[in-house]
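Since the structure comes first, as structure tokens, the remarks are kept for the end.
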Amino acid sequence: MNDETLMDVRELEVQFRARRGVARAVDGVSLEWRRGEVLGVVGESGSGKSTLARAMLGLVPSAAGAVELEGRAVNGKASLGELRRRVQMIFQDPYQTLNPRQRVGTIVTEPLIVQGVPRGEHEARVRRALEDVGLDPERFGGRYPYQLSGGQRQRVAIAAALVLEPEGLICDEPVSMLDASVRTQILAVLGELKRRRGLGLVFITHDLSLAWALCDRIAVMYLGRVVEQGSAPDVIERPQHPYTQALVTAVPVPSAGGGGRRELLSGELPDATAVPSGCRFHPRCPRRFGPCDRVDPPLIATGGSQLAACLLHDPALATEVQAARGD
Amino acid sequence: MSALLKVSDLRVEYRGQPIVDGVDLALERGEAMGLAGESGCGKTTTALALMKLLPPALKQSGAVTLRPPGVEEPINVGRRTEAGMRRVRWRHVSLVFQGAMNSLDPVQRVDAQIAEAIRLHESAGAKEVRARIDELLTTVGLTPALGRRYAHQLSGGQRQRMMIALALACRPSLVIADEPTTALDVTIQAQVLQLLESLRERLGLALILISHDLGVLAETCDRIAIMYAGRIVETGPVSSVFEAPQHPYTKRLLDSLPVIGGPRALGDPIPGGPPDPGEMPEGCRFRPRCPYAADRCLSDPALRETSAGHASACHFAPWSEWPAAAGAGSLEAG
Amino acid sequence: MSGEQAGAAVEVLAQPEFGDEPGTVRELLLGTWRGRFGLAVVALFAFMALFGKAIAPYPPDASSLDVLAPPSIHHLLGTTESGADVLSQVLVGARVSIVVGLAAAAISAVLGSTVGLVGGYFGGWTDRGLDALENWFLVIPTLPLMIVLARLLNPSLTVLIAVIGLTSWAGTGRIVRAQVLTLRERAFVERARALGAGDGYIIRKHILPNTLPLIFANTVLIVAVAILSEAALSFLGLGDPTRISWGTMLENAFESGAPSAQAWWYVIPPGLCITVLVLAISILGYLFEEHVNPRLREHG
Amino acid sequence: MSGRWLAGKVAAALLTFAFVLVFNFFLFRVMGDPTTQLARLPQATPEELQQLRHNYGLDKPLMGQFVDYVGDTGRLDLGLSQRSRQPVWSEIKDALPWTLLLVGTGTLLATVIGSWLGVVAATRRGKRTDDGLLGFSLFTYAAPEYWIGIILILVFAVWIPIFPSGLQVTPGVQFSGFFSNAWDVAKHLVLPATAMTLMLLGQYFLIMRSSMVDVLTEDFITVKRATGLPWERVVRRHAVPNALLPLVTLSAIQFGAVVGGAITIETIFSWPGLGELSFQAINDKDFPVLEGTFLVFSAGVILANLLADCLYFYLDPRVQSR
Amino acid sequence: MRLKRVWTVTGLLVATVALGVGVASAGGASGSKQGDSILKIGWAQNPSTINPYVGQDEEAFSIWAINWDLLVNFSPKDLSPTPGIAESWDISDDKKTVTFHLDPNAKWSDGQPITSEDVKYSLEVLGSKGALFTSYTDNITSIETPNADTVVIHTKRPDARIVGGLFIYILPKHVWGKVPVGDLTGSYKPELPLVGSGPFIVTDFEPNRITKMEKNPNFRGPEPKFDEIQFIRYGNQDAAERALQVGEVDMVPEVSAAGFARLGDQPNIETLRASSPAYTQMAFNSCSTKICPDAQYNPAIQDLAVRQATAYAVDRERINQIAARDTSFEAHGMLPSFYKSFYEVPADDYPYDPEKAKQILDDAGWQDNGDSPRTKGGQELKFNLYVRSESPYDIQAAKLVAEQAKAVGIEYDVQVVSTDKLYDLTVRKVNGKPAPDYDTFIWGWGGDPYDPSFLLSVLTTGEIGGSSDSYYSNPTYDRLFKQQAGSFDTAQRKGIIQRMVALTQHDLPYLVITYDPNLEAYRTDRVANVEPTCPEDSTGDAICDQTSYEPLLTIAPGSSSGESGGGGSGIAIAVVAVVVVGVGAFFVIRARRRRDSEPLELDE
């Protein structure tokens, strides 16, 4: 870690008791989130990305590992309280995220009350937060959530997160339920906040094109594990992990002629209670070879900013990889 | 060869409010047509209207004519009775819904549901039906054993494949797929889209693909129609529409979508949101959100052809050059 | 219905989010046929409960030699087996029914919502224990349980209220618990927790405000159940014998052979009062419930 | 396929029944000292009371008494009726079939008619048929069943005397065969079963109606229509089986009400079942019988709930594979 | 596919119910022989048990009185002693020994001879262990059986009840003597047929359904005209009365007051109103401070003027008319007119006279306060008046008493309580001494046929702590009670009893309101030869329930007897058929109509 680091996640594990056993939703994830940086966490449903977000804020108990805020471990009430003041969260469903019985003004004021901010500051800060997300405080302050559109709700949620003037914002699929034209509005708001306030974002999404447009760095998750991470252009333009490669090519491109060659994966994501042995991606991997079903690969530097958890990049196995390609 | 499907001036009203407002469409045999639009623009309603499946509260008018291969007389859907429509449905046109979980009867085995559809339209013996089901399942890439399962015992991708198998059960000439991949992850979506494409080639199916995802349509369809607030605002060959959009809505939408491989920045968003059916703006419905709006936009623009097969409902079309938009990048809430 | 939802057919049938539209209770009550009917009937019976004694043409238990007389100018609804005026008894009987209904429902609401709230919110063993208790009360046949309790105690209005209140809370508990469980998972509660809000704050500001409408709707339905229970217990001779209620009227009618005497004027009015009042209250309850519970909400 | 779900249900039922036993034991011993109940004889001396306490094992410690109680209950020894001095179980045994007959007929008719009407109403939502059925069902739901019973007697046994209004069979008649006997019972069953049916009908109707309304808005219904299936068959083959599932669950909750109805209806119609037995026990303050009937009622409801769960398990494949 | 399962399940349910009908009805199928003449009697309750050691209800007495003789029976005409098990008896000069002579040829229904051992067994064992019979034997010192046909009973004091009211059934020792006494007073279930000496014996007994009695082949008297009597339980009075109306039963021995008038108007139904040895009284707390130091009551109730004023203020006939619908008999003192050998209207009869009541209160210094209760010093004429919630008649009566007493300035606050509660209030004890907690209450007593001793005993000092609930204590009364008990001479005894009645009429521990009637109804087309006798010649009881079985020997099947009831079964069949056809037609029509019906309808 360095001075730039806002949060550090180390070997974090989160487990749930499921019907068929214990689901390892997050299974040893390490991440570094720097100040003012947009960190994308990309993955399909079931990859554990939302659980990771919640675990980062201590909303779900972690089984192992640590979360550090500026180098200090977050454990105990005081440090958790500090974390929750400085890092806020935005949720996916704009229809679920607001208390239907509270007015917009109340919703945005609530964090100030909870965190014990002096009453005199409330009005000015709420106004500023609402204006920052493009909502007129006079028009919207007295409305109930049901009087708002989906996009407006998500703006209110962002305002409520901003009102405490956090340094970081964890956004869990903030636009996945919005229509295309509204989606870009919200993303613009977030981008604007990053630019003007130097706000750091953790942007959790399944949509690679959004990550491409918005993120500085990207971590790709598969089945509770980060399989590749690096700067956004590197990861998306030169993906090193077969899963990332498939993911990138699977994204349909809205332009004449569509995208290029698709890399089709077989099968579907396995259950988190039954993680495959060895590399957890190997049953679906088009490039699996010899040791993949036995060796669980660590993140291996592949040059530049990138790390990939794939044996293809293990220098010790280079000959075998060569042989496999030869087949 | 005449068009497989011809829709003219299709209107659907709910409590006196227009939800679909004068839609014209034409589809050739074997052609794939994309229908794009945001939620609430009337694309699903249009799809259901084509099969006359709307709830009675939704009043439908306008002409829908089908000319399936091997049928002499064109089928006038608008005039058909419920009983008459039953012979058309699935035999000639079938449907794939977005939530495959909810599209299959949860307490009946899936093969029974396919068999039911087959028996309904053809007199086939039990063995014949069985063989046909196995063949269908193989066609969509499933093992025949999966037919003995219930919907909940299948994964999302398998369910969608099963739904496609059901749609193909009576060998229709047209399949309407309404957001067939929305609930799926990208890797599974890619599988399903691939399947649809290959089926279309092999069976000569015509396809109406409804989606909010322009990328999906760009990769799958020959032609595309963009809907906005109950109307088609632009239609044309995929290449032409994506390369040279002729309606500000299409243009702004495409500009605002981030594209992998494109610039690593967010485009300017379209301000505001789509109108309520009860409060439709006068004239062009996109006018309040349009940066190019002028006085003439207060009158209704007709869908006019700007080049071969490419039409736009904009008074200013054809656009040869798009000027820089005024008021772009506004953060005003939609 | 908002514009976003009015588009497609399936979307027309989609349900709006639950409880997201406060402040339309007035419209609910006055704007629908059912609401107006329910409100009018309840108002009528409330008036009877308050002023029944004053407007009754005779003292309700004043006997006369005119026994089991059919309706006439003097006795609009005829007389009882002791020559008392049926109309007067019906008017006076409203009070017991309504008092028992309200009081028992209040007990049941307080008990049920406390148990549901505590169990649902805190979860764990507390919840499992409370849930088992709830389950038990739900499964146990209520009337026999009430009978046993009422028989062991001496008949009085208080006993009646206590017995009904103590045996009918489980349904409320179950509903509140379910609601709290979903609320607990909703993003705005998670958001509040992410802010560092405590349990007390979350319950007060987020859980309760979103549960109260449901509790209210459910309590309205419990009032109806309590009125029926009071009537049934009274009919079985376990009511308060010193007070006239519709249940005791039916008991007296049955015991005194009104069916054989074809004394329909004695049998029909008390039963009809119970039925119409319970009907009206139930309709109001369903109306409220539909309003606050998404699963039940219908159009029109 | 796994039976774990079902096993859980069985375990829950057993637990509930254990709870009933504990409750029963304490209720009748703590709230009312049975000796004072047992010996309402003015002449009873303290010695006799002591003897009585001893006879009933009431001088043992509470835990020992409870063990005895559970053991006795297990052997179906529910004590002696204070009134008839006969084993409570033998009285219950005599009454039980009649209650089952009445409750079974009523429940069956109410389920079949109620759910059928529910389907009719749901497919005609907002029409006059729907309004009428809704009004009728709400009315029968709100009306006390014993009131309906009395009116039935008034109309069909007194005013137009076409049905018997008391007992289960014409008393003291030698029947020529099984069928004439059954016919006589059936005649006696008409009015009480009608009252029972009317009492339950409303709930079943309302549940089925709303369940159908829910199901009819599901996508697969549209898909079935899209396959060209006639509306009738969509309803019958797809909507109804799905709508029946909530009916099964929710009707389990009804069993408690059924038992309550059995008490009042049997009393009105002198139907010699458990309900009438417990009504007599109320009047006679015959606590052993009251306790016994309560136990059997509870066990019956628990069992019925379990049966409903089994039925659900049988009908819903989603549960089976859990 | 799944729907098939639903139908399977429904089918199973239908089958279960059908099986239920079969099984359940098979249980009640034990009918009677074809062609027999059966007297069907409907009543609200069957006896809970027919074991005389534990049975307590009136219905049980009705059965026993037919099944067994007493040592000395009662004449249905005037309730005087007539031969029972004993053919004749001699009374010794000191009147303390009575010798009974038995019929040497008399036999039990199972053919065994009836002997003096049976008598000795019954008097000794049933007379000491049967809860309801012990009071009759407290005077007996010894019983001798010199031979099989002779029984000698010795008593402490002369006791007229030995002849005129030894209300203990004579049971066959060879049946009952075998059973351990502990069982007899426990859960013993008597063997059927119930061996007896009366005209009919119990052959079938189902406590909650029916009691059947068939002719005793060895009965010594004339053969009954009916072959069988069935007592059918209907659970409630109204149902039994409806059964009579539709002809399902031939007779209802206890008709409600409401039913009495209604049934009287029916064709083919005759109603009878007989007097009975029971009354309903208003009791005043008469317990002296010496006996009951801790009693709770308003002392004003022990002011004779208050009680007398109450008596004048209460219109007993009006209570009868309203509460009993004019079926009871206005009471005149504490001896019911049923005891016609001893009855007379007493001189002090307190006719309804509110003016006189006021006068008495004025004279006694109770100040008139208009609508408020009268007062004197710190005392106020305000009393509680308890009644049992179980008795609508008592509640009615109490309300009327309160209404009428209020007019003269005495306030009775009617409090309805359960029987248990009222019992507890009256027998309350503090420190082992009686401490009744009431001012007044309304309840009733019922006595034995012929012998009034029990009813008279209730007001004796000796019964304090026993059956005395007014705690009345008067040495003169106690002396007279003993005197009458030892008097075998009816005329002499009547004189003594009348003096006792006069005493209580003056002191008023009880204000007896009505003599309770015995209301009966029977179908004239089914039952013939009814001679309403018991106890009067023309207006009495048709079967002399519980008192004498003799009327049962004379009544005979009527013109249309034997026709099973359940009137209108033909109509029922027709109705069912019409309904079935109608429903079927409805379905067919609907199915046709629906073929082209619209899909899902949505409301606008």
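Think of it as A, B, C, D and E in the order they're written, each chain with its own count starting at 1.
Keep this in mind: a residue touches a chain if its C-beta (ideal position, glycine included) is under 8 Å from a C-beta of that chain, and two chains touch if they have at least 3 such contacts.
None of these values were measured; they are calculated from a predicted model.
Q: Supply the minimal count of touching-chain steps required to go from chain A to chain D.
A: The distance in steps between these two chains is 2.
Q: Please tell me whether A-C or D-E has the greater number of C-beta pairs in contact.
A: Ranking A-C and D-E by C-beta contacts puts D-E first.
Q: Which chain's centre, taken as the mean of its Cα atoms, is farthest from the centre of chain A?
A: Relative to chain A, the chain with the farthest C-alpha centre is E.
Q: Can you compute the centre-to-centre distance for chain D and chain E, using the mean CA position of each chain? Integer Å is fine.
A: Result: the chain centres lie 35 Å from each other.
Q: Could you put a whole-Å number on the gap between the CA centroids of chain A and chain B?
A: Centres of chain A and chain B (C-alpha means) sit 32 Å apart.
Q: Averaged over CA atoms, how far is the centre of chain C from the centre of chain D? Could you give it in whole Å?
A: Centres of chain C and chain D (C-alpha means) sit 22 Å apart.
Q: Quick check: how many Å separate the C-alpha centres of chain A and chain E?
A: Computed value for the inter-centroid distance: 87 Å.
Q: Can you pull out the residues of chain C that are in contact with at least two other chains?
A: Each of 2, 4, 10, 13, 237, 254, 259-260, 300 in chain C touches at least two other chains.
Q: Touching at least two other chains at once: which residues of chain A meet that condition?
A: 149
Q: Could you check chain E for residues that touch two or more other chains and list them?
A: Counting only residues that touch two or more other chains, chain E contributes 2, 236, 242, 245, 390, 598-604.
Q: Please output the residues of chain B touching chain D within their complex, sorted ascending.
A: 48, 51, 53, 82-83, 85-91, 94-95, 97, 99, 102-108, 116-117, 120-121, 150, 152-153, 166, 169
Q: Within their complex, state which residues of chain E touch chain D.
A: 2-3, 5-6, 9-10, 13-14, 16-17, 20-29, 31-34, 38, 40, 48-49, 51, 54, 131, 186-189, 206-210, 212, 230, 232-236, 239-240, 242-243, 245-246, 248-249, 390, 420, 423, 427, 466-467, 564-569, 571-572, 575-576, 594-595, 597-604
Q: Under the touch definition given earlier, write down the residues of chain C that touch chain A in their complex.
A: Where chain C meets chain A, its residues are 2, 4, 16-23, 186-188, 190-197, 201, 205-206, 209-210.
Q: Provide the residue numbers of chain C that touch chain D in the complex, in ascending order.
A: 10, 13, 132, 135-136, 138-145, 147-149, 151-153, 224, 228, 231-232, 235-238, 250, 253-254, 258-260, 262, 264, 267-268, 270-271, 274-276, 278-279, 282-283, 295-296, 298, 300
Q: Using the touch definition up top, name the residues of chain E that touch chain C in the complex.
A: Residue positions touching the partner: 236-238, 241-242, 245, 256, 258-259, 262, 321-323, 325, 389-390, 392, 395-396, 399-400, 414-418, 421, 602-604.
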